[in-house]
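Next come two complexes built around subunit A: one with subunit B, the other with subunit C.
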Partner chain A sequence: MRILSHNMLQCIVKGCGAANYPLRLNGEAVHKESEYNEDFIKHMMSKIDYPALYQASQDVKIDLPSSLPEDYLDNEEFLKKIHDVTHIEEGGLYCNNCKRIYPIKNGIVNMLLNENEV
Partner chain B sequence: MATVTSGLEHIAAAEIGDAFLGSQVEVQYDRKDYPGRVFFSVSNMTEDSFSILNGLHSVEYVYCLIGRITLQSCCPPPAQPTTTTDDTEQLKSSLQEKEGQEKQSDEGEKVAEKKEEHKKRKKAREDDKRRKKKKTEVDPQLKEKALAEIASAVSIYNETDWETAYGVWKSYARAVKGIRNSEMLSTAIFSVSARTAGSHLFRENEMGETLAASIQTLYPRWRQQCRNSEMEIMAYLRNSELILGFTITQSSLSMSHVSASRDLGVTALKPAIAYAMLRMAQLRPGMIVVDPMSGCGTIPQMGSNIWSHCLYFAGDISEVAVRKTKNNEDSAREEKRRTAPCDVFQWDGTLTPFRDNSVDMVITDMPFGKRIGNKQGNTKLYPRIFQEMYRIVREGGKAVVLTQETELMQSKIISRKTWKDEEHMDINQGGMKTRIYVLSKVNASEEVQDK
Partner chain C sequence: MKVAILALIFASAFVAADLWSSCGDSSDVLKIGKIIVSPNPPVAGKPITVEGAGLFRSDVTSGTIYAEVSVDDLPLINLTLPLCSTVKKFRPCPFLKGQQSLKLAVPIPSAVPSGEYVAKVQVFDQNNARVTCVTGKKRIFLVEAEVWINDEHLIFEVSVLMSAKEKLKMWGGSEELPPREIPLKRPYMARFRSQHAEFRIPELRSLAQMFGFLEHLDYGTEQAKLVSQRREELPTSPYLPIACPSQKQIEQVASRSVSLMSFFDLIAVGDTFEELLENISHYPQDKLQALAGNGRTFKYHVDSYGRKMPHAEQLVLMERLTNINGAWESGNIDLKNPQETWTIFVDYGVAKNRPMDDPRRYYLGRKICNTPVDLIEVYNVKKRNYIGTTSMDSELSLMMANQALARSGTIAMDPFAGTGSLLLTCAHFGSMVMGSDIDQRMFRGWGEGKDLKSNFKQYGIENKYIDVIVADNSHTPYRTVPFIDALVADPPYGIRAGARKIGKKRKTILREQKLGITNAHRRSNHIIQCINYAVSDVLHDLLNLAATRLVVGGRLVYWLPTTDQYKDSDLPLHPCLRIISNSEQPLTMRWRRRLITMEKFTEYIPSVHDNLSPEEYGQINLSDDSHGNLKNYWLRIGSNGGPPKEKKGKRKGKGETEGETAEEETAEGEGEEDEEEVAEVEGVEQ
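Our next item is the complex of A and B:
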C-alpha cells in the first residue's frame, strides 16, 4: 500500500466513533520505483490532509517537513519527496481510538471485519 | 475495418480518432447495419501507424479492405405465400372443436380423445419440420447463379485495389512481425475466412471455397491452404453487401495488452470493456478511483497504466481474487509495464475504509448473478453496494458500473435522491446483453431544488 493512500482511510469498526481517522501506520517503508508524474502529485497535494500524512510519515520514519510548504505547488524538491513517499508491504494500519489492527501482508491490506465488529 | 465489441463502436471510433491525431483519419461506424464494426481510413500509413494500431485497446482485429460491393443475387427471393397458414388454422379450429366436444364427453372418452389429440399435435409438429426442411432447400439454379456472382466479385476490384491492400498487409508483416522482404515468398500461402450475416442462398463455407478458387485464378502464384496460412483474406457478406480484405492483425489487439503472466479469475472482464468504462469515466489528474469489487484487478490496473495521473484502489472480498490482483501488480512491475501503482485491499464492498465524500470515481463490474451470486441475492446486495458508494463518493462524483441487472438498477438504484443516470450504453458481451451506466451522485442541495 502506498503511504499516500493512508490519507483517505478510516477505521470501519462499528461504533468506533468520530476519532476513527486518521489511522496510524506500522511497518517498514519500502521504496518502489515509479514514474514521477508532476501533474498527479500537484493535484494530489491539493486534496491531501497534510497533518495526517505527516503523522503517517513519522510512524514509519520518513523525513517530511512538519508543515506543508506555502509554495508547495512550485517546490519541486518537496513534490519529488512526496512522490518518493513509498509503500508498506508488511505491517499494519491501526486505529488509535479502538485499537483495531488492519494487517498488511504481502502488500495487501486486510480490511475484513469479524462478525461482532460489523 | 476493425472488429470491436458491439455496443462500443463509438468508444473504438473515438480511440482510433485520438490515436491517429495529427494524421488524416476518417472514422465511420453504423451501429445498426454493422454492429461490432468500425471503418476507418488513414492517409499515409507508415511504420508508426502500425505501432499506433497495435496500441489500441478497444479493438479486436484489424482488416485492410480491398473494397465493398453490393451483390444482386445472393439473397433468397422473397418467400412466396404457401398453404402453411391455412393448414395450421385448420388444425387449430379442429382442436378447438375437440375441446368443445370434450366438455360434453365423459371421463373414459376424454382419455381416448386426449391420446388422439396428442397424436394429431405430434403429426402437426412433424409436418412443420418437413415444411421447414423444404424451405431450406434452395433452387440449385439460383444458388449457382449466386455463387457465380460471388466468384466474379473478386475480379470486380481492379489490380490496384488488390495491390494496395496486399501492400499494407506486407508492410505490416515487415514492421510488426519482422519478416524481411527476401523472406516474402512469391507464392503466398493464403486462406479465406468467410462470414455471413443475413439469409443467403449458400452456406459460409461454400462462399469461402468459391472465393478461394477465384482468388487463385486471379493470383496463380498464391496457394490456398486452410491451416498455417501466411495470410488470411477476410470475406464478410452482410445481407447483400460483400466486404473483402486482408486480415492485418494476427490476434486480438485488446487481448494483446494483457500479459501472458496475468492471472485471471472466472469472471475476468474483457479488456476492451474495461477500457470503455475507464474512458467513459473521463478521468482527470489527481482523481481517486476505486473499484470495490475488482476481481483480479482488470479495471484499476488498466487505468493505472493508461491514465497514470490518478490514484487507484482495487479491492475484493475474495482472498483468491486479491492475491491474483497482487500477483498481476507485481508481474506488471517486474515487466516494467506499470507506470503508476494500484493499491490492493481485501474488503467487503459494502463496508470500505474510505472516508465520507473522499472518492472521485467508482468504476466496477457488478456481479451479474450468473457465474457469481444469484438474482435473488443481487436484489439485496445492489442497494447495499450503492449505498456504500454513495457514502464514499464526493458531491459531483460518479460511478461507472457494468451490469446485467437493468431492471434492478431502474427500480432500486436510480432515483432522484441518490444516483442520476447520466449515460448508459447497451453492449453485447458474448451474446449476453449488458449495460454500462455512468451515474452521478445527486447531492443534497440539488434534491431540494427538485422538490
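Our next item is the complex of A and C:
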C-alpha cells in the first residue's frame, strides 16, 4: 500500500465518531522505485491532507517537512519525495479513536469490518 | 430557421450597394449597375431596402456560390452552395444574358448584437467563370429576409445556421459584442464501427468534451446538415457527417475512440451518384486540385453499408468519379502506399433486416486518420495474464474509459474492481487508478505474477497503479472529500456474480443468542459473514459514493442490468449527479444492460444531501422488476419471459447463446444457496 493511499482512508467502525481521520500507520516503509508522474502528483497534492501525510510519515520514520512548503507545486525535489513516499508491505492502519486495526498484508490493506461492527 | 445571411449573400451576388463593394474585375459575367439603398446608413429597427440592376454578359445556367462571413475578423461562416437550388424558390435558373433588376428588403431588428460583419461572396457559373465577387462590411445583424424580384414578393427561406434568437442565446443573451471564439466549422465524416451503435454518440461527445470542443461539435443539427447539404441523419448508418472547427480536434478524438474507425474530409454528399458527382463540382476546385492532382498518389476505396457492392459496380463508380472533373486525372494511382485515400461511401441501409436494393445515399471523403481500434485486440481478455469470471470485454472497457474522460492527471476508481479490467483501460489512457473489492482473492489471484497487479505489468502501465483496497462498498472507507475524477463500475447484481456485503445472517444471530456467544468475531480463525446485497442498495451506495467522492465535473460510468421492461424512470438518480448518456446493450431476448454515464455537477452539501430518503434521490424502487430485485425476477420468469416453469434446468429457450446458459446456471446456483451459503470472504486475524 502506498502511504499516499493512507491519506484517503478513514475509520468506518459504526459509532467511531468524528475523530476517525487520519488513521495511524504501523509498519515498515519499503522504498519502491516508480516512474515520476508529474501530472499525477500535482493533481494529488491538491487533494492531500498534508498534516495526515506528515503524521503517517512520522509513524513509519520517513523524513518529510512538518508543513507544506509554500512553493510546493514548483518544488520538484519535494514532489518527487512525495511521489516516492514508499509503500507498506506488512503492518496495519489503526484508529486512534476506537483502536480498530486494519491489517496490511502483502501490500494490500483490508478495510473490511466485522459483521458486529456494521 | 430562416436567416438572412443567405439572403444577403444572394442579394450581394446580384446587387451591390454601398454596403457592398466589388472585389471582382471586368471579366466577371455580371456587370453591376445602379444601386439604391434606403435608409442609408441602415437604422436599427427599420428594414433596409436595396434596389439594384445588373447586366449579365452571358447566360448562367448553373453554378456555385462561395460565401465567407466573418465577425470582427473572426471567421463565422464558410459556405459552398449550388447556385440554382439555392435560388430556385423565387427565380429558377437560367439567368439569361441581359438586364436583370432586383429589389431586396432586409429587416433590421432593434436589438442587434453589434459586431463588424464582413462578407465576401463569389459566384461561379457552369463554366467556372466568375459571375461576380462582392464584399460587404457593416455593423449589422443578419436576420430573416424578404426578397422581391421584379415586383414578385417572395419569402426567402433557407434553413442554415442559427436564428437571431439562438445567436443571442449563444452569446449569453446580451447585446454586447459576441465572445471572440466563433470558430469556423469544417465538414468531416465520422466512420463508425458497426458494433455497439448506441455507444457511438456518447463516446464521440465525451471525447469532444475532453478535448474542449463539445460546444463546437455538430452532428445531426442544422450546422451538420448544412455540411451534408441539408440532409437528415440516417438511422443505424455508421456514416455520420459532423462539423467541428479543426482537423486537430478530429485527430485528438481519433487518438482515443474505439467506436470510430476513421475520419474523413467530407467532400460531397448525394442521394444519387449523379447528385454526388454534381456536388463534387461545388467543392472548392483549387483545393481539390491540390489534394488530388499534382502528381500525388492516391487510391479509391468503396465502403458500403447494408450490403456489399459487387466489384464490377465499384469499378463503375471509380471510373465515373475519375471522369467527372479533371482533378484525379493528373494523379497517380498507388494501391499500397497512397498519399490520399478517396472513399466513396455507399449507404444501402438496412430495412427489416434485409438490405435495400438502391443506396440511400452516397458520400465522398478523403481519409484523414484512423482510430486505435487495435487496442481492442491488445486488451483482449483472452490474452490477459489474469482474468476472472466476469472480466469486462476490452472494447466496452475502452469505451467506458473514454466516457469516464480518463486522461493523464486524473484519478479513476472502480469500487467493484475484481480483476481490474476497467482500471486497465483507464490506466492505458493515462489515469492513475485505484480499486476496491470485498473479495481480496480477486486481487491476489493465483499469487505473485498471476494477480491483478501483474496485468498492469503485462501492459506496461504499472506506474499508473496506485493501490487496491479490500473494502465493502456498503461501508466505503474513503475519506469524505472529493478526490476521484472518474468512477467506473460493473457492479455485481447477483445475476452473474453474487452481490455480497458484510452482515450477520439471521440464523447466526439466533444461534449466538441461544448459545450466549458474544465474541465470535474475536476468534483468530473467524470468518467475516456476508449477506446478500440488494440491487437497490448497490445502486444507492454507488451513487452516494459518486456524489460524495467525485470532484465536480467528475464522472460515474457504470453498468445497469435491466429487462426489456426498462423505463427511463427506473434510473437511479441523485441530486448531485446528472445523466450524460444511457446506452443499451441487448444481451438476450429479455435481458439488457445499460451503460449509464453521470456527471457530478454540484458540490455535495452534507446538511442538504445527507439522510435523503430514497424517494428524494429519485427512485430506487425495491419492488421494481426492472432492477429492483433482478434475481427473483430471473427465477420467476427465466431469460425469455413467459410463465414460471416448475422444473429447474429446463428454462433455456430457443436461440439462446452459450453465455446466457452460463448465466442461468449461476443464477440458479445462487438461488439455491440463498442464506445457507458459507461466507465468501477470507477471514481476518485479529
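The working rule: the second predicted complex is superposed on the first by the 118 of 118 C-alpha atoms of A that agree within 3 Å, B and C clash if a C-alpha of one lies under 4 Å from a C-alpha of the other, contacts with A are read in each partner's own complex, and residues count from 1 in each chain.
As a working rule, a residue touches a chain if its C-beta (ideal position, glycine included) is under 8 Å from a C-beta of that chain, and two chains touch if they have at least 3 such contacts.
It should be emphasised that the depicted structure is a prediction, and the values quoted were computed from it without experimental measurement.
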**Request:** Quick one: classify A:114 as touching subunit B (first), subunit C (second), both or neither.
**Result:** second
**Request:** For A:21, decide between first (touching subunit B), second (touching subunit C), both and neither.
**Result:** both
**Request:** State whether A:101 touches subunit B only (first), subunit C only (second), both chains, or neither.
**Result:** second
**Message:** Looking at A:47 after the superposition, I want to know if it touches subunit B, subunit C, both of them or none. Which is it: first, second, both, neither?
**Reply:** both
**Request:** Considering only the touch criterion stated at the top, classify A:12 as touching first (subunit B), second (subunit C), both, or neither.
**Result:** both
**Message:** Between subunit B and subunit C, whom does A:4 touch in the aligned arrangement: first, second, both, or neither?
**Reply:** both
**Message:** Quick one: is A:35 in contact with subunit B, with subunit C, with both, or with neither? Answer first, second, both or neither.
**Reply:** both
**Prompt:** Just which bits of subunit A does subunit B share with subunit C as contact spots?
**Reply:** 1-2, 4-5, 8-12, 21, 34-35, 37, 39-40, 42-44, 47, 102, 106, 108-113, 118
**Prompt:** In their shared complex, at which residues does subunit A touch subunit C?
**Reply:** 1-2, 4-5, 7-12, 21, 34-35, 37, 39-40, 42-44, 47, 49, 101-103, 106, 108-116, 118
**Asked** Mind pulling up the subunit A residues that touch subunit B in the complex?
**Response** 1-2, 4-5, 8-12, 21, 32, 34-35, 37, 39-40, 42-44, 46-47, 87, 102, 106-113, 118
**Request:** Flag every residue of subunit B that touches subunit A in the complex, lowest number first.
**Result:** 284-288, 308-311, 313, 315, 317, 322-323, 326, 329, 333, 338-341, 343-348, 351-355, 358-359
**Touch list for subunit C against partner subunit A, complex** = 408-411, 430, 432, 434, 436, 438, 440, 443-444, 462-464, 466-472, 474-481, 483, 502-504, 521, 526, 528-529, 681, 684-686
